[in-house]
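Notes for the one structure printed next.
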Amino acid sequence: MEIGIVGLGRMGANIARRLMAAGHGTVVNDLNAAAIAALAADGARPAVSLAELAKLLAPPRAIWLMLPAGAVTENAVLEAATVLKPGDVLIDGGNSFFKDSVRRGQMLAEKGIHFLDVGTSGGVWGLERGFCLMIGGDGEAVRRLDPIFAALAPGKGHIEKTEGRDGRDPRPEQGYMHTGPTGSGHFAKMVHNGIEYGMMQSYAEGFHILETRGDANLPAAERFDYDVADLAELWRRGSVISSWLLDLTSNALTKDPALSAFTGSVPDSGEGRWTVEAAIEQAVPAEVLAAAIFARFRSRRDHTFAEKLLSALRQQFGGHRESP
Amino acid sequence: MEIGIVGLGRMGANIARRLMAAGHGTVVNDLNAAAIAALAADGARPAVSLAELAKLLAPPRAIWLMLPAGAVTENAVLEAATVLKPGDVLIDGGNSFFKDSVRRGQMLAEKGIHFLDVGTSGGVWGLERGFCLMIGGDGEAVRRLDPIFAALAPGKGHIEKTEGRDGRDPRPEQGYMHTGPTGSGHFAKMVHNGIEYGMMQSYAEGFHILETRGDANLPAAERFDYDVADLAELWRRGSVISSWLLDLTSNALTKDPALSAFTGSVPDSGEGRWTVEAAIEQAVPAEVLAAAIFARFRSRRDHTFAEKLLSALRQQFGGHRESP
Amino acid sequence: MEIGIVGLGRMGANIARRLMAAGHGTVVNDLNAAAIAALAADGARPAVSLAELAKLLAPPRAIWLMLPAGAVTENAVLEAATVLKPGDVLIDGGNSFFKDSVRRGQMLAEKGIHFLDVGTSGGVWGLERGFCLMIGGDGEAVRRLDPIFAALAPGKGHIEKTEGRDGRDPRPEQGYMHTGPTGSGHFAKMVHNGIEYGMMQSYAEGFHILETRGDANLPAAERFDYDVADLAELWRRGSVISSWLLDLTSNALTKDPALSAFTGSVPDSGEGRWTVEAAIEQAVPAEVLAAAIFARFRSRRDHTFAEKLLSALRQQFGGHRESP
Amino acid sequence: MEIGIVGLGRMGANIARRLMAAGHGTVVNDLNAAAIAALAADGARPAVSLAELAKLLAPPRAIWLMLPAGAVTENAVLEAATVLKPGDVLIDGGNSFFKDSVRRGQMLAEKGIHFLDVGTSGGVWGLERGFCLMIGGDGEAVRRLDPIFAALAPGKGHIEKTEGRDGRDPRPEQGYMHTGPTGSGHFAKMVHNGIEYGMMQSYAEGFHILETRGDANLPAAERFDYDVADLAELWRRGSVISSWLLDLTSNALTKDPALSAFTGSVPDSGEGRWTVEAAIEQAVPAEVLAAAIFARFRSRRDHTFAEKLLSALRQQFGGHRESP
């Protein structure tokens, strides 16, 4: 098949390359001409605009947007709505807010254009490992693009089969899934990232406890100077907490056990926030997911007004001074 | 009555002064001779040591320790155990860990010495407002020292009577209470301080949200520049969240609305930690009390190893950079 | 002055009565004719509809909505927009979401109608104690209605003056405040309630720890059977955690120390959720406020899917059974 | 080599079998004669007591205790201290509290007996997958028992090599590690389990959000009925959150998507609690790990006193009723 790809950042370029490696054709566009040229050198057909890209594709067309969530994606969807025709498919593979996807899907449906919101996990490793795809939208469009999704997904690989899956939808075992109606793909990806934040924070807190266990103010016999790189490596082997994130932890700590290349000022990309907001909307307790996002907020602030107020109150009622 | 007081810091000196103001006699001791002299000038009898202090008192004697929790209190208790006689009373008015108090009470009981663990709230305001006393230990000793406790406590004052208290123990309305056996006074004080941490953190987070609501990256029409000093003052008047801590918040913000005199590095005094440990021992969920103590821990650290690990992982899987 | 009041529930009726007690006139409307009649018996002028109410008032008119947030308030605002004229004032005293208030204020401003969003705290006690008012909107309208706000607010009462307030806006000391532009009143009230949730949860966790400290599986010498009603009463007297909520805690525990009249299924009214969402929007860590709302969510659910998954995982990796 | 094993529960029996499968000899003891007989049938030498077991081994002996933490392990250590001789090695492979291990190690060191605290992860899958071993104690004893540890550990298997490990201690790549002095093995295992609790709670909250996203009170277009079994399977494939715990989640949900076999009353085994206590001791913020343990506490309680107090307060200040 041939597909158009708009947005050739890390993720978009890797998607294009993985599709071409599987024998699919791509027509590519980006604001950055060099990014287009790099893909063209690898066999993609270049397009200077979304409109031109649409013209280069044969109907029924499929365009995959891989753009920053928010205004950039919104504008691309609006433009696509004007150039696409009934029966075409627009895919948003970015990290859009699921309520935006629901709205966009409704708007495009009125024009007869299919809209698929495809939550895409895999990061910079996707080219090699494949992408894990959560696909929301119309089943017919999902089926039509099956070769694309199958090519992007990791496939079964050497991962052990889960007992009892015979007779079930075979796609999840291949690494892609039709999650439900429009919006359900981005919602699932959002929760996926919320879980990711919680897992990352679990490791982070645990390693923080290990890394500070040698502190001189602890009793000498209860003080341990751990080789945290070795511990991370160890836990990859037969422990209950082995995971891909732990593989990366081992990589990072082996390279730099003190993590001195990092300041510890941690961004968030929206999904962690939205997951907590969804929990609130659904009245679901989500302590861990909330704590994980708050830890990132705090990491980006110097001392907060909240902390100053604590100090001010302690001085007021107890005459207490602050810590040095 | 006459009572010995060991430890003439802010709390101990105020206790001595409030007792003398009520007509009681005090014999006082401190490591700092100037502290003794200051109290002596106000009418206390000076003692150069705990042993001398014990000699100056007529049996059955009562000695009130008002010392830092931990080794200092432990040493004073051990010394008192050698100089006191059966029938005497030793009081620990400090913030000792309740399990230490249980242990000390047992040790002293074997010698026939009464031990009272008296959780004491009131801070630097106690001289004027009176101290709120949570008294654990033998009922007979509590009754014998009733005049002391009654003098230290605030009394009924103008605080509205709680309906339904007629026929109940009148002492809680006066501001002191026999909470139960040895250890129960310090345990109650510990939970009191745990609650205090939670309340302080509640105000702190709320004011942090208000104080940052003028941030330039919010939509202009939803951006508010609050006068936080006025808000704190306002809420003292008829709102559901009025409290003594809010009175102090209003004081602090009126004096310095930006709290620029504070860095925001917030100590903790042990009770907040022990409250969470007690919750864990009892398998009681205590999210808010735990979050309050963790916020203080975080306030005293620069970027943590935990945060650096989050950054390292994000770089590993997504090629993401840190926040500037 | 005369003012129209729409919505005669607990809050609205008390507002009307407090205004009439201060010599103001009221024209009142409610869906429930009996509620109108009750107020009319106390001197209010009845109106069968918002439209009639508007007619009965002399321009420039002021109408105070005291209705459930959401659709009911929305409809009333839309209706008022059609019956009010330029120069009139519409007040929303309910617990509306501040972004709705911003939107409504803009819509009404286009018609020359003033809109004030008035966060109103005081609960069922407001008639007697007065209401604490956080007023957002146009300064001119706030000034015009000053007699109304002054009558509703508690006034200075016997509350101690905060040092340093001389020369400042005197209104916060009276219990009402012009917090800023439209939306700022409801935002401030929202944060107020967020803090309230945090404080309530702080007391709740603390008393839970006290109430379970007599559990038979604790070491006998460290087991305490507290009289929690006495402790709550005690802490009203000179302790750092005295507050109006603690007064109510003492009331409740004195009446029923086991709180056996309650199941523990706790609703929330929106503000706690919105406060956490505002914290997320502003990237402010708000652990305690989030934990407080999640505790309510959890209280309303029987065992959750989350908990079942924990059990399922423990069985999978460890062959563990659930607790009995 | 030959080794004695005391405690033939799930873990102990699997350890014995894995060692025998690797060609090592075992002498086994348990309170339950049937458990001894079962192992004897598989080639172990039976012993009716720890004392007899010690006699059957040739010096320098090694005994592995695999017993419930607490009193049972304490008694076994005390008994072993009387039957072992200088140069022998006692191993505690259970989930003991690390401070107990430090104390026991000191006690045994005074008798010239080596003590190794071996945190052992792997659960019921260890026989097949191998056990992940965190070994604290004297390096000489660790080296002497290397064949035992190597046989129990999973070995390199097909797990991808971490870049940069050349030249480092090869043992962590095999799945066992000498973590440091006595106590450091159990401390590392404790943190491992703390992380495990956090990860489990992350998945639990995420799947709870997914599972309730079909609730009828959500807007119809934003309501999704997920096949959670498919989602768990999907995320095993190329997603950032793939892990062994997710493999087990997929197993569990495939078998029973509603998890109807579980009540959701979740035990904890101590390590989660101790991890939070260690965080408190080290003043390390550990929000997520604390929230994870509190969620388990809450799961084992019906409505709490805390929740009843919230309801009581709401009734007091607002006349509010509880949720139905």
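Order as written gives the chain letters A, B, C and D; numbering starts at 1 within each chain.
Here is the rule we use: a contact is a pair of C-beta atoms (placed from the backbone, for glycine too) under 8 Å apart; a residue touches a chain by one contact, two chains touch by 3 or more.
Only a predicted model underlies this, so the values are computations on that prediction, with no experimental measurement involved.
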Contacts common to subunit A and subunit B (chain labels): C, D
Fraction-based call for subunit C against subunit B, same above half, different below: same
Chain pair with the higher count of C-beta pairs in contact (A-D, A-C): A-D
Geometric centre distance via CA averages, subunit C-subunit A, whole Å: 39
Length of the line joining the C-alpha centres of subunit A and subunit D, rounded to whole Å: 31
Touching two or more other chains - residues of subunit C: 123, 201, 203, 205, 208, 212, 240, 245, 251, 279, 284-287, 291, 294-295, 298, 300, 304, 306, 317
Chain contact topology (line, ring, star, complete or other): complete
Complex contact set, residues of subunit A against subunit D: 98-99, 102, 106, 121-123, 126, 129-132, 134, 136, 153-160, 162-165, 168-169, 172-177, 179-184, 187-188, 191-199, 201-203, 205-206, 208-210, 212-213, 215, 218, 221-222, 224-227, 229-231, 233-247, 250-251, 254-255, 275, 278-279, 281-282, 284-289, 291-292, 294-295
Subunit B-touching residues of subunit A, taken from the complex the two chains share: 10, 123-125, 200-201, 203-205, 207-208, 211-212, 245, 248-249, 251-253, 256, 259, 261-267, 287, 291, 295-296, 298-300, 303-320, 322-324
Footprint of subunit D on subunit B - complex, ascending: 240, 273, 276-277, 279-280, 283-287, 290-291, 293-295, 297-298, 300-301, 304, 306, 317
